[in-house]
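Order of writing sets the chain letters: A, B, C and D. Residues in each chain are counted from 1.
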Amino acid sequence: MELELKNISVTLSKKEILKSINLRVEDGEFISLLGASGCGKSTLLKTIAGIIKQREGSILLGGKALDKVPPHKRRTVIVFQDFRLFPHMTVAENISFPLKMLGLHKDKCRERAVELLKKVKLEGFKDRHVDEISGGQKQRVVLARALAAEPVVLLLDEPFSSLDINLRKDMRELVLDLQKEYKITTILVTHDKEEALTMSDRIAFMHNGEILQYDTPENIFKNPVNTIVADYFAEGTYISGEIKGNRFISRFFNVDINRDDGKYKCLIRPSALKVNKAEDGKFQVVAKIYQGDNYLLKINKINSSLKLESILNEPLDIKEGDKVSIELDKDKLIFIPE
Amino acid sequence: MKRKTLLIFLLLIAILTAGCSKNKASLNDNENIVELDPNADFDALVEQARGTTVTFYGWGGDENRNRFLNEQLAPKLKEKYDITLEVVGMDIDNILAKLAGEKQAGLEKGSIDMIWINGENFYSAKENDLLFGPFTHKLPNFDKYIDTEDEEVLYDFGFPIEGYEAPYGKAQLVFLNDSAVTPETPRNTQEFLEFCKKYKGKVTYAALPDFTGSAFVRTLIYDIVGHKQFLTMEADKEVVKEAIEPALEYLRELNKYLWNQGKTFPATNGEVDNMFQDGELVMAMSYGPYAAAVGIEKGVYKDTVRTFVFDNGTVGNTNYIAIAKNSPNKAGAMVVINEIISAETQAAQFEALKTLPVVAYDKLSDEEKARFDKVDIGKGVLSQDELLSKRLPEMPANIVPIIEEIWLEEVVGKYNE
Amino acid sequence: MKEPSSNKLLKLFLYITVFAILAPMVIITLWAFTNQWSWPSLLPTSYSLRAIKEIFAPYGNVFPILLSSIFLSLTVALLSAIIAIMAARAVVFYDFFGKDLIDFISMAPNLVPSTVFAMGIHVAFIKMSLANTPLGVIIVNLIYTLPYTINIMKNLTESIGKDLEQQAYVLGASPWKAFLHISFPLLLPGIIASITMAYIISFSQYFVTLLIGGGKVMTFSMIMVPFIAKGDRTLGSAYALVFVLSTLIVFGLINLILKKFQKRKEKYNWN
Amino acid sequence: MNKKTPYILIMPIVLLGVLFIYGVANGIIQSFGYIPAFNLRDLSLDYYIKVIKSPTFLDSLKVTLHISLISSILAAVLGTILTAALVYTGHTEGKIIQVIKLAILIPHTIVALFSISILSQNGLLARLLYKLGIISTQGDFPLLLYTKNNIGIILGYLWKEVPFVAYFSLSLMASINKTLGEAAENLGASRLKSFIHITLPLSMPAIAKAFLIILTFSFGAYDLPFLLGATVPKALPVQAHVEYIHPDLRHRPYAMAMNGLILLITWLMAGIYYLISNRKKLKGGSHERA
């Protein structure tokens, strides 16, 4: 079922947290709400679930307004960051709790619970106690419990942030497989850009209560709508200039690009810059930092204030102090309208 | 730093409060000890007691008595003997518990000097050696004003006093009714039964062992089976039960017409008094013979409230003042008691509290007699002579609890089939 | 978004409770000024200031006794809170021999009739010359307040935990400083609750204070209770009013003082 | 932190504990007849036997259990509803809590005072009904005080105990509801279902502890049963008090024996409580703060 938010705004204890949010999520789509902490993404999630009441605006699910529907009837299930497993219940009881609420028969609940446990690869944990299992296993139980509630919309509130790196990767795959299998409209709240880029069909970038950009991961990475979005994904150097007749002119360089005329800022990310040794190079290497599978080169233009960074993959014998020349990879440059 | 000041502040409060309440302890016992040599005459006692403090422990529930002691007696003692009177409100059973504890701990110098006591409590305290005495023979006023041959000066609830307590005030059970509501007043148990039939459900008495309730039942027993036999009766349940069988039948018969058919009785006489004031009952009883006058003055009773007694009389007793065995200031206590049994104090007490005086009328000087006669005893009460003419002695102290036991088993909620 | 039906029902229940608690207060206030209130009038038939005059009468020195018994109960409350903080820390953060013995001791005073304890301890206190002294009364009251204060402090200490204090150690704070600057402010709400609870229990004690204080240590209850037991509703209610008002004033002061030291207003919700 | 600190920390409470136990032991000895002040020296059980054998003992016990059990159970139920009302309408702070604290601060003697002036046949309730014409004489008003049904006493206890249960369990239920209750509702449980399945079971420890406190208190308390109770049968604590104020001081062991029995039964109740709560803990697994 597709979900639509129409100028939702929320104030909590006199502070305006969300400023007229408009967002539409297609049926079965997996989107993520990306942004730094405090940008209001969790609040938006809780507003969708009905835990927080919006001051204005309305939420439509499959075209029908949710505002009058109480939280427990919305089927907008949240997977909280702090798990919130019911301590007085076993793993199976936790998972079958939503089914019990729907009024299913006891055996049907148990059977479904076991089935879901298999889905999250936790067979045999049925009668374990919730505080006897590890963080990763807890996360999977919470996921199974959420699916048991047969959600129309699955809301994930930074579910992986408390897990260690490799555990996080398996959980992401598990969530994606399940989401594809059940085709549930899902919203993931995260501050981890890699998570957002790899998992979601579309990303809504949020910044103090507003959605700055809502687009596919590629577009948002390739042509961010402003510097805030751009910097969030990858830092780089900005060179301001102007495009006239499909040609960008700036103090340092010019390049042909077919964009309509106007003032622009060009973002040069390290990945867009190639460097090669050249005695007569106009640039000089200032620092060479080893980053595991590549090097980060910091280069300055001689007698100029321009500073650039580049990623060096092959083991070229460039050392600090060498003179180099640079080559810009045209289609990795990002042009942001002023 | 903000938090540091908070903690220092909290500690300061702790030290301050402990300190300030600590100094109260120091005045407690030590410098207040007055050694007593047994054969000192009264003037020597007065000298010894000068500048000391005497504590007077007794029931604190009567605000008029507290005011009289603190506003009239205490200043007089201060001015006359430079004795500071400290009135402490405490029920008699807690006083005895405190004395018993002090005796068991072997404390020679306790904190209680004078005790307001009578009846069974005196008997039990004396039996367990908690009281100092004999001392009344040392008090000049004792011979001067008190009729030493009087029944109630020699025996307290039938037990020999032997100089261990001096009379303080006289009490007598009286009945109160609102003449506007019940013009007639029963003169004996038969008329009382008719009275209860007429005002069905509007009469009751406090459940025993309440002091006044117990006196009321004993008065009814006296009216039915006479009182003489009890003075020498053996304190055995069967013997007593057999003697008061007719009275028990009467009480069971009475239950039918009492409040809530006698199935249950209010816990205290105070409760009965409140129900009378509120108009729920038409009759109340009190051990203070002039309770009606005091009540009307206080505005708690309507002006039409009257006092009445039975023709054969009602139970009366005297309450006394004893001295604790481990009293730290026995000399002071004796001087104060001597002052209390003086005509002047008894008259003042009669005026203020309307308590029947203990002084013998014929031992008074004319001028003292005049002072007693001119006392305005207030509205709705009987004169002292009429009361004293209708006064019956209390049952012996050890029979009273037996009566109370029998009443609980044989009377409450029971009817003659 | 709230379910209107259940919410209204709960709100109604709340208002009934508030009414049921406040109504008797009005009745007591009425009684304090009543002279006669006979059947069937719903309001006293005649009023009098008898009770008020009696309370303010100088001879009774009601107010000096009220003050000294407030101070006494405050001392008990403070000591009880301090002891409770210490005991709670020990029980929550450490494992030591006889740990669950402490749980039992802290619950025991509730399970014993006060007569048994008072009668039993009375003789011992006389021998230790603690009887008839404020210190003796403070100790005895303290014992009766501990079950409540320890329970409050244990719950709060458990929910706050030790990790913040340990963080302070790492940052160079000595154990005492760490407690003072980190745990103490966080415990403040609990401390206020403990002081309030202990004050209530100590201030309304009657029999134990009477016996151990032996009439030497006068508390307000010792003046009030005889009049209520006797059934003098007017005087009893007047004393009851002074009892309630004085306690509310003391609570107000306690909150004011301790709140002033709580810099940040917002709640620390740790669980 | 060195090994010694816990022992320093618990020093004050242990001292007070020892003093308490010494006092109770000394009190219990008196119930066996050892009171030298009244030269009663030989220890014997016959005070206990005599008390248990006395005709009124069983009735007194029944009455006391009747009062304390009914009032405590009712108070626990109504108290829990009150706590839920506070939590679900968001009144966990502010004025209503002050009113509830007011009920806790009023001692039982004052409760007895206004109970009589409201519930007696001459009380305000009766007068109201009279004014409304529902009853014609005082006698028609049902007898709530001084009767075997002990309604007056139970109402008196409820007035104090319902707010106490609420005040005692409020913080726990509030925190449970904020986290787990919210999660349950999100998983499809209605507010009522989430209360019954999640918030209530997890708040039980606090409610059960409050229940134990009010049960043991009402079983051993003397004020209300004495002032509002029936003449016969008297509650155990009232019977003990009557024995205590008995003028014949050598009657004291009977009073202490009765108190000893009260103590025994109270500890029986506490024992059952700890058994149940521990057994439940072992089965249910102690829950960590959510």
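The criterion applied here is as follows: a contact is a pair of C-beta atoms (placed from the backbone, for glycine too) under 8 Å apart; a residue touches a chain by one contact, two chains touch by 3 or more.
Just so we're clear, the structure is a prediction, and the values are computed from it rather than from any experiment.
Engineer: Would you mind checking the shortest number of contact hops between chain A and chain B?
Structural biologist: Minimal hop count between chain A and chain B: 2.
Engineer: Whose C-alpha centre lies nearest the centre of all protein C-alpha atoms?
Structural biologist: Centre-most chain by C-alpha means: C.
Engineer: By mean C-alpha position, what chain is farthest away from chain B?
Structural biologist: The most remote chain is A.
Engineer: Which integer distance in Å separates the CA centroid of chain B from that of chain D?
Structural biologist: Spacing between the chain centres: roughly 35 Å.
Engineer: Nearest whole angstrom, what separates the Cα centre of chain A from the Cα centre of chain D?
Structural biologist: So the centre of chain A lies 56 Å away from the centre of chain D.
Engineer: Roughly how far is chain A from chain C, centre to centre by C-alpha average, rounded to an integer in Å?
Structural biologist: 54
Engineer: Return the distance between the CA-based centres of chain C and chain D, expressed in whole Å.
Structural biologist: 17
Engineer: Could you say which residues in chain B touch two or more other chains, in rising order?
Structural biologist: 91, 97, 101, 104, 268, 271, 274, 278-280
Engineer: Two or more other chains touching the same residue: where does that happen in chain A?
Structural biologist: In chain A, the residues touching two or more other chains are 70-71.
Engineer: Residues of chain D that contact two or more other chains, please.
Structural biologist: If we look for residues of chain D contacting two or more partner chains, we find 122, 138, 179, 190-191, 227, 244, 290.
Engineer: Enumerate the contact residues on chain A facing chain D in the complex.
Structural biologist: 49, 51, 70-73, 75-78, 80, 82, 84, 86-88, 97-98, 100-102, 129, 131, 145-146, 149
Engineer: Name, in rising order, each residue of chain B that touches chain C in their complex.
Structural biologist: Checking each residue of chain B against chain C gives 1-7, 9-10, 13-14, 17-18, 20-22, 24-25, 28-29, 55, 57, 59-61, 63, 66-67, 70-71, 88-91, 94, 97-98, 101-102, 104-107, 111-112, 268-271, 273-274, 277-280, 298-300, 302.
Engineer: Which residues of chain B touch chain D once you look at their complex with the stated criterion?
Structural biologist: The contact residues of chain B facing chain D are 91, 93, 96-97, 100-101, 103-104, 119-121, 123-125, 127-128, 201, 207, 209, 260, 263-268, 271, 274-275, 278-280, 397-398, 401, 408-409, 412-413.
Engineer: Given the complex with chain C, which residues does chain D contribute to the contact?
Structural biologist: Against chain C, the touching part of chain D is residues 1, 5-7, 9-10, 12-14, 16-17, 19-31, 81-82, 84-86, 88-89, 91, 96, 99-107, 109-114, 117-118, 122, 124, 127-128, 130-131, 138, 159, 162-163, 171-172, 175, 178-179, 190-192, 209, 213, 216-217, 220, 227, 237, 240-241, 244, 255-256, 259-260, 262-263, 266-267, 270, 289-290.
Engineer: Could you please specify the touching residues of chain D with respect to chain B in the complex?
Structural biologist: 35-39, 55-56, 116, 120-122, 138-139, 143, 146-147, 226-232, 242, 244-250, 252
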